[in-house]
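Please see the structure below; I have some questions.
Naming follows writing order (A, B and C), and every chain is counted from residue 1.
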Amino acid sequence: MGFNRKDLLGIRDLEVSEIEHILELAQSLKEINMRAIKKVPTLRGKTVIHLFYEPSTRTRTSFDIAAKRLSADTYSIAGSTSSMVKGETLLDTLKNLEAMRPDVFVVRHSASGAPHMLARNTEASVINAGDGMHEHPSQALLDMLTIIEHKKRLDGLKVVIVGDIFHSRVARSNIWGLTKMGAKVTVCGPTTLIPPKIELMGAQVGYKLDECIADADVIMVLRLQKERQQQMLLPSLREYSTYFGINPQKLTKARPDVLIMHPGPINRGVEISPEVADGPYSVILDQVTNGVAVRMALLYLLAQR
Amino acid sequence: MGFNRKDLLGIRDLEVSEIEHILELAQSLKEINMRAIKKVPTLRGKTVIHLFYEPSTRTRTSFDIAAKRLSADTYSIAGSTSSMVKGETLLDTLKNLEAMRPDVFVVRHSASGAPHMLARNTEASVINAGDGMHEHPSQALLDMLTIIEHKKRLDGLKVVIVGDIFHSRVARSNIWGLTKMGAKVTVCGPTTLIPPKIELMGAQVGYKLDECIADADVIMVLRLQKERQQQMLLPSLREYSTYFGINPQKLTKARPDVLIMHPGPINRGVEISPEVADGPYSVILDQVTNGVAVRMALLYLLAQR
Amino acid sequence: MGFNRKDLLGIRDLEVSEIEHILELAQSLKEINMRAIKKVPTLRGKTVIHLFYEPSTRTRTSFDIAAKRLSADTYSIAGSTSSMVKGETLLDTLKNLEAMRPDVFVVRHSASGAPHMLARNTEASVINAGDGMHEHPSQALLDMLTIIEHKKRLDGLKVVIVGDIFHSRVARSNIWGLTKMGAKVTVCGPTTLIPPKIELMGAQVGYKLDECIADADVIMVLRLQKERQQQMLLPSLREYSTYFGINPQKLTKARPDVLIMHPGPINRGVEISPEVADGPYSVILDQVTNGVAVRMALLYLLAQR
């Protein structure tokens, strides 16, 4: 089937065959990152603009490395602090940059749907690098690639996503993607951090970590933003950590070969203990490595149209 | 004649034949930006330093794209926030950077004449990317290229520049350039925003938009900085918009094939209405596209000396 | 002997033969910066990450130019303002970036020893670009290269380092390096700015500039941070300047062919007078030029392992 879209806006829209195509391509491109000369000329003469309206070093650097290893030229525009936003609409910023003839916009924005609006208004490709609490598709793709590398499949696995589901675009993209691919997804967290009707997305819901984790093949631990406490969504970080922080003792309920994942950056001692983050089941750094490969695949597919 | 200068500091200094040479070169380089592989090796191994003492995303990105599409390496130094300025003079910053052997400095500074001082003190080329209220020559060149593309000539055209002429380096560079090339330039705005003796530069002056616009071939709308109201130069933005904001009704006095230009970023509903900005006479995005081409031409001419 | 280390963390660790190897390589690479096409493909496909937890435009730009002239791809991460540090340990930031497969980290950090800790925890190479008050090895190497170019030797020279020795990693790296290479080093400054037991590093100590400077072959003038006055370490900048500021009159005690050096940025009229900074004995800008060459040599040696 391949992948013939102009944009990559979310996992929800994708066919299973498209996800498989991206993951296979990422798997084959990954090897470039292991060479002594980590660069191929594939996207020479292509222009990639990182348009980030939320601060991000990690994701932006991952996309930037992916682009340059394919020989694209990259430009980074911090929307929030830029002179471009003084009285200028988001759409005008886009149209102005489009007039400089880029091939791909990599967009992060605090407003859900912003990349979709931009995609409808430009002939360039748009990759959603995170929009509000909506989607973060490249994260879900790198998570799926990481699971497949370790488990050889997604179909039939039990994946538990633990933490602040409510505010997490990572959780949403993963629920869409993993259920499409045949995994059983359980979300688990305090009631204040689980959105109502999340089960309509195809996930099971649980509020007790022990029960959720039982027989889990994969545990995705979400970052807990410290500001949730000020927002009265949590009594305290310590209480959160007591009930939902993943430590070796709690892991005993999971399958013995459980994978521990985290989108980063981790809060050691809050949502994950150092013993688990650095332990034998952790594939957190594999996720980062696969992030570059998945982004190479996305840029390759979109910039070469 | 060609172009044999070390620097591009202003339009005022240029001969007509030099302007023609730059515009012809820009026209021929523009095509590179439309290719699938938007890159030529012309400036490979050349070093371009963006030295910006005023914030600018738009102009800096345009120069940066121009440089990289010619294969130059670029470096961006934000003078105002840089550790280089702690107790260091502008000239010392220049001499230090010059010692690293760049080919071109692209300089923006709030002090009129700063790029000229720097140019006298370095063997590298200096491009003025905007100095105070003085000149912004690459903007005037891209404006002239855009007019020529649509009108096939500059000679004999009536060009009206509307708005805050007083603070505008864009207006000054365009007055120098357009009058050199044979166009008739009228500046138009509230009395508080028209500098005294501007007619000595060769422009007509008007204070009533209807009269100024009559038979105009081109209307250049300038951005109105909102801080002008705090500076007591305007009673209110709404009043400014009523008298000088360009909307479809006011356009009826101009020629039916009038071009609408704006250096950006636009304030929709202040100096220009959305109907005009997005309307059939607007060439605002053509200006942005031509900006990359003009800057490629300038970098080509200067970096290859 | 050559140079077979994974990292360049300090001058203190280096053998004389290693210093000689780096300086000879820098001398031969320097010529690339004088060409019309200042670029060689040596490090094509290599990834260099600048990880700067202290602001620095000068040193970062020098490393960046060095890397790109060798065709490496570079990425710049401002640790202090980055989202990466929100609740993330320095080591986690390193491990995450390492998972993206860089070849070299160029690290600046306010904590002495931070680059050493990072180097022990990554397979990538680490270059210390300044750690606290500890070392700044590339600065000492470029200083040594500059002296050798002008004096043809280091052995037997009298080098006087003047100013705030206490807070200076430049002074420490130079004391280690110059004494290893056979120079006699004297440090000179107000008692509050000379660390106790500095003579154990192999330097002579003096508190009177006239006596220190007598027969000096080289005077290294250190930048005086203006905040030292607030810290009660100086009665006033004017008094500092009177006693320790280098001006033509004070230079009469030195050798007639004395070299004047400064790591920059200079405070004109504080630690150095304009007549001396711009005078015939000043090699301050040669230092900057040699900085690029030395950093090319370091990147060449480490990234090609």
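The definition used in the following text is that contacts are C-beta pairs under 8 Å (C-beta built on N, C-alpha and C of every residue); 3 or more make two chains touch, one makes a residue touch a chain.
Owing to the predicted nature of the structure, the values given are computational and were not obtained by experimental measurement.
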Size of the rotation, in steps of 5 degrees, that lays the CA trace of chain B over chain C: 120
Homomeric contact chain A-chain C: same or different residue positions, threshold half: different
Whole-Å separation of chain centres (CA-atom averages), chain A against chain C: 40
Numbers and ranges of chain A residues touching at least 2 other chains: none
Touch list for chain A against partner chain C, complex: 33-39, 55-58, 61-62, 64-65, 68-69, 226, 264-268, 270, 285-286, 288-289, 291-292
Contact set on chain B toward chain C in their complex: 44-47, 73, 75, 77, 82-84, 86-89, 92-93, 95-101
